[in-house]
Amino acid sequence: MKKIISYGRSIYEALDYCLNKEKKIILMGLGVNDPKGVFNTTTNLFKKYKNKVFDMPVAENGFTGIGLGLAIMKYKVVITHQRVEFSLLSFEQIVNQIAKWFFMSSGKVNVPIVIRLIIGKGWGQGPQHSQSLESIFAHIPGLKVVAPSNAFDAKGMMISAIQDPNPVIFFEHRWLHEIKGVIPKKIFKSNLNKANIIKKGNDITIVSYSYSVIEMIKANKFLEKLKIKAELIDLRSLKPIDIKTILKSVKKTKKILVVDNGMTTCGISAEIISLIVENLGKKIVCKRIGVKNSPIPSSRFVAEGFYPEHDIIFKEVLKILKIKNKLKLKKLFTDVPDKQFRGPF
Amino acid sequence: MKKIISYGRSIYEALDYCLNKEKKIILMGLGVNDPKGVFNTTTNLFKKYKNKVFDMPVAENGFTGIGLGLAIMKYKVVITHQRVEFSLLSFEQIVNQIAKWFFMSSGKVNVPIVIRLIIGKGWGQGPQHSQSLESIFAHIPGLKVVAPSNAFDAKGMMISAIQDPNPVIFFEHRWLHEIKGVIPKKIFKSNLNKANIIKKGNDITIVSYSYSVIEMIKANKFLEKLKIKAELIDLRSLKPIDIKTILKSVKKTKKILVVDNGMTTCGISAEIISLIVENLGKKIVCKRIGVKNSPIPSSRFVAEGFYPEHDIIFKEVLKILKIKNKLKLKKLFTDVPDKQFRGPF
Amino acid sequence: MKKNILKLFKKMLRIRMIEERISSNYKLQMMRCPVHLSIGQESIAVAICENLKDQDLLVTAHRSHAHYLGKGGNLKKMIAELHGKENGVAGGLGGSMHLLDLKKNIMAAVPIVGSTIAIGVGLAWANKLQGKKDITVIFFGDGATEEGIFLESLDFASLHNLRILFVCEDNKFSVNTPINQRQNPKRNLCKLSEGIGIKSYKLKDHDLMKVFLKSKKIINYIKNVSRPSLLDIDTYRYLEHCGPNSDDYLNYRNPKEVKKWKKNCQIEKYQNLLFKQKSTKLNDIKKSINKEIDNAFKYAYAGKKPKKIILENLIIKK
Amino acid sequence: MKKNILKLFKKMLRIRMIEERISSNYKLQMMRCPVHLSIGQESIAVAICENLKDQDLLVTAHRSHAHYLGKGGNLKKMIAELHGKENGVAGGLGGSMHLLDLKKNIMAAVPIVGSTIAIGVGLAWANKLQGKKDITVIFFGDGATEEGIFLESLDFASLHNLRILFVCEDNKFSVNTPINQRQNPKRNLCKLSEGIGIKSYKLKDHDLMKVFLKSKKIINYIKNVSRPSLLDIDTYRYLEHCGPNSDDYLNYRNPKEVKKWKKNCQIEKYQNLLFKQKSTKLNDIKKSINKEIDNAFKYAYAGKKPKKIILENLIIKK
């Protein structure tokens, strides 16, 4: 039995399920009790689960340490940030404490913490509300980092993340929340360390994750028109990276374009390319694109070109395959996730 | 005219020079007025330059924002952290504010800030005092990141960093402070974006930076015994990376080992390898090693193997060159920088 | 005195009308950036800025329009900024959340809660180091006082005897989260701040003239004694936290509370005080403000898109 | 009463002797990790921990030995930890800066200044959520009260009515930086904390029995009223900030101040009070403590090096 729900609703259902199932669990963060419920992912959960769901003071560093304290006391903890940028205030707790607690206590204390980081984009959010920053978390040992791109993965991975004994950084892209997908009616879990081959193909491997998967799929529609058969991989897990799946694919296609959802410098894409080269030696053509290595301007007139959108992906693939571009892609303003969107967040 | 001074003294002299030269300059940080003077890099400067050198409350995030305020008012600002870990408390200010200020103000306001981050190692400092973390800073556009490995570069690059109109993250490895080098008696400056070829060679390129350069040079002594001619490159600047110099070298040697001073996952080494592959295609054998992707244990008995020390570099090179190891390297405890060291920091 | 009141009223009215125009024009989908409107809270910005000199410095946060305009920030360039145009205050790169006008010493607005508090302290310290007597005003909300950087900043201001006026606009909400979910009722901001060694004052009413007179006194104290002070003022925003609309339908605020504050509307209060009904003078004032606003929007519309080449030059590369 | 004093004195003496042994053995270069000795400050840990039950929780910072020992932490395993051995409290992975003993509810020591304050609040919240009445004691220094997380943590403890005793050991220094370079003399920690809504008390003397009696009262209040409290106690460390030696030669502390505090040494004071000169009883006590310490070091020496395979299992991979 299947149903169609949005990514945001998937998160909601996963939280609802875990809040109900676990005796010791806390969902916390700015706005979790807000009627808007963190883009409808937590709406009214605090009414249903008294003493399990708490709005927070504007004190990210403090409440992250407090979350760690709960986890030490065997609580499962889910922390929510409406933008990844706000979590930087708690970076000390995440990097020095949470990521290392299990190790530092020589395995005596697990800290089951999920930190939800929402990536912003569009509608003029500008330099401080539209960064991705996945790779700085992936750099830190002790953290698992995931970034599902669809409703199915969102639900399964959120449940797995909460049930995981160790900290998981859970990236959600704001532009995914409204996108619908088919998921089983029954409860299910998903691996936190497996990439997903979206589409098989022999000509080139394209790897991406989070919202950029949507752009990759869009780009592929145009590639198909040119009879190009790309193998599309949704990374899903950024740490650990499921390098086996990627290696298998590139052994076949011999070419890869990594579409980074964040910036490329020391990014997830750099890690993937390095892993390929180290494992397969000199056999594969590798290329990466990602968010421009720059702060993002607010003005919609110029922000657009800063992201690896489908037209850019399309062009890059043609370049790698040395095919002359015959299609002209027409793009509308790309500062909104969909036509219904009226701002501001 | 030349003289021999330590790396730490070089930093001192650079600070002394700039404090004297600039009318509007502030040196600030925990312990800058301490008689121990941040490992003897600031000793008594506050007496010499009243109203230019200030010790700080234990409030890293606050005083970093305050430093930004000074910079907006056209002060040159040097901020000091005795361990890179402490600066994570100010990561929001560094990433969201300082790195983006010039861009956000559409070029109206430059923020000339140098942030000195000291990397710890050894003597059981354990998980929270011995991280490197260079790559998370290098990931952020708007920051320049440098990590000199010797007294000459330390002085020249510190002066250039302070005179630079934009923010520079300046990594100093604690184990470099006592190491002496030859520098000109006259004031000089150094580029912030140029790698340095320490030694020419044709067999393999080895790239490293910061303290790992010392280990690379040690390893090379053993390689020389085997008649292996490695080209040794000291990266010096981690952002931007002087990829030209590296490309030129690997075009010749066709093989590279990148010795990361930090962890490899999404690390500086991943960036270098990706740049090589993107630029030179399938021609080069690439390998990276670095700090183990794990928290660092305090116990000296096990901490040792966590760093890319000379024996490990040596073995890796032989592996790449497919040469059987004939030399046995004998190592003593490696939790001290030198025989004189008696702990604790 | 009455002339003075009129002057302040006009400024307040102007800000209200500008914000209302932003609100009504927002649906045109041309100001495509988040806006945090100050409607309801204008009296504070106007009253305090009236006591400032041009040289005095100002920083603020996401809800910055009233502060920017109160301190004399350029209207045209602000509207252009909201439209993402090259002729905006930040070349369109910042949008509403990153206003600045260096000519008026409006040094920064930044939407990360609390961050400008420290930056403002740094500005004030720079002034002190140079022997300048100008003061720095730092605006922030009740939510921002929960951030650790608030403590760190006040501590430093106190330690170095900086000429700073900290202004907390306590509208009882952080986004839609009421203060009682964030702070214990026993918390007392002024006492807290006094514990840091900073003279602090509470106003339970954002009455235009009360704020004006109180802040005048405090600013004199700051200048004379060369010490920071804090002023904590109760106030209320009328519209949604972010965006152009009302959000009363969400029911996160007690309708009685909303009503109470709207009854205490400073525009209405001083309008009634200053003008008879159907005052032609008032109409003239409004007309002239409307014309100014029209012009500002025209200026914004006429602005060019930012050039990519300029952007390239703003990326620090070397 | 006298029996009680004797008991407390013994504990204090034991900690002092353990720390002195660490200090004198440090030169053997076998305890290769940073140590922040509590010598001079032991009375506080002993007096407060005496009022705690085993179930009560404790967290502390870098200067943790006295707290760890005061709460009953395992001595052998602590010494082994300092030697980096597998039989240490954290398998040798943490060293002196990361002590814990879960059997005694010593939940964590962490050397990032201020970080455990929030973590401790989280522990206390977990207890409250489960309806447990145990209290949590959080030890920190004067420097830590300058970190923003201090405000954020106290605010939360106050908001949620948590049973927490915050203990500030005010030794007037952060590393070698005196308090007057970090805080305005007008700053008043108790007032600040009261502003957050937390009952707060100052003791200008770390007298063993004064701290004991005061903290007893406060802990009763915390339990009865279910609210946090803060106790701020002046104290002094004798040796260098980090390491086994004296650092008086650096001259960062006023020799008069040092002398004043050493004259107020709690060990000497209560030794004089309890024993005649050349007391055999005192000698017996010392002997037995020395034996315990000898054994602890033997235990540490006999410990194995941590196994690499164990380390591998501690790295979160999946």
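The chains carry the letters A, B, C and D, assigned in the order they are written, with residues numbered from 1 in each.
The rule is short, and it goes like this: a residue touches a chain if its C-beta (ideal position, glycine included) is under 8 Å from a C-beta of that chain, and two chains touch if they have at least 3 such contacts.
In this text, all values refer to a predicted model and were calculated from it rather than measured experimentally.
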What chains do subunit A and subunit B have as common neighbours? C, D
Centroid spacing, where centroids are CA-atom means, of subunit A and subunit C in whole angstrom: 35
Whole-Å gap separating subunit B and subunit C, where each centre is the average of the chain's CA atoms: 42
Once you find the CA centre of subunit C and the CA centre of subunit D, what distance in Å lies between them? 45
What are the residue numbers in subunit D that touch two or more other chains? 90-94, 98, 110, 112, 146-149, 151-152, 155, 159, 182-183, 314-315
For subunit B, give me the residues that contact two or more of the other chains. 57, 59, 61-62, 85, 89, 92, 96, 103-104, 126-128, 141-142, 293-295, 297
What topology does the chain touch graph have (line, ring, star, complete, other)? complete
Show which residues of subunit B lie in contact with subunit D when the two form their complex. 30-31, 33-36, 55-62, 85-86, 89, 123-129, 293-295, 297-302, 305, 335, 342-345
Touch list for subunit A against partner subunit D, complex: 24, 26, 51, 57, 59, 61-75, 92-93, 96-97, 102-109, 141-144, 166, 192-193, 240
Enumerate the contact residues on subunit D facing subunit B in the complex. 26-27, 29, 32-35, 84-85, 88, 90-98, 110-114, 143-144, 146-148, 174-177, 181-183, 242-243, 250-252, 305-306, 308, 311, 314-315
In the complex with subunit B, residue positions of subunit C that touch it: 90-94, 98, 100, 102, 107-108, 110, 112, 115-127, 129-130, 148-149, 151-153, 155-156, 159, 310, 313-318
Within the complex, which stretch of subunit A touches subunit B? 61, 85, 88-89, 91-92, 95-96, 99-100, 103-104, 126-128, 131, 133, 135-136, 138-139, 141-142, 239, 263-271, 273-274, 277-278, 281-288, 292-295, 297
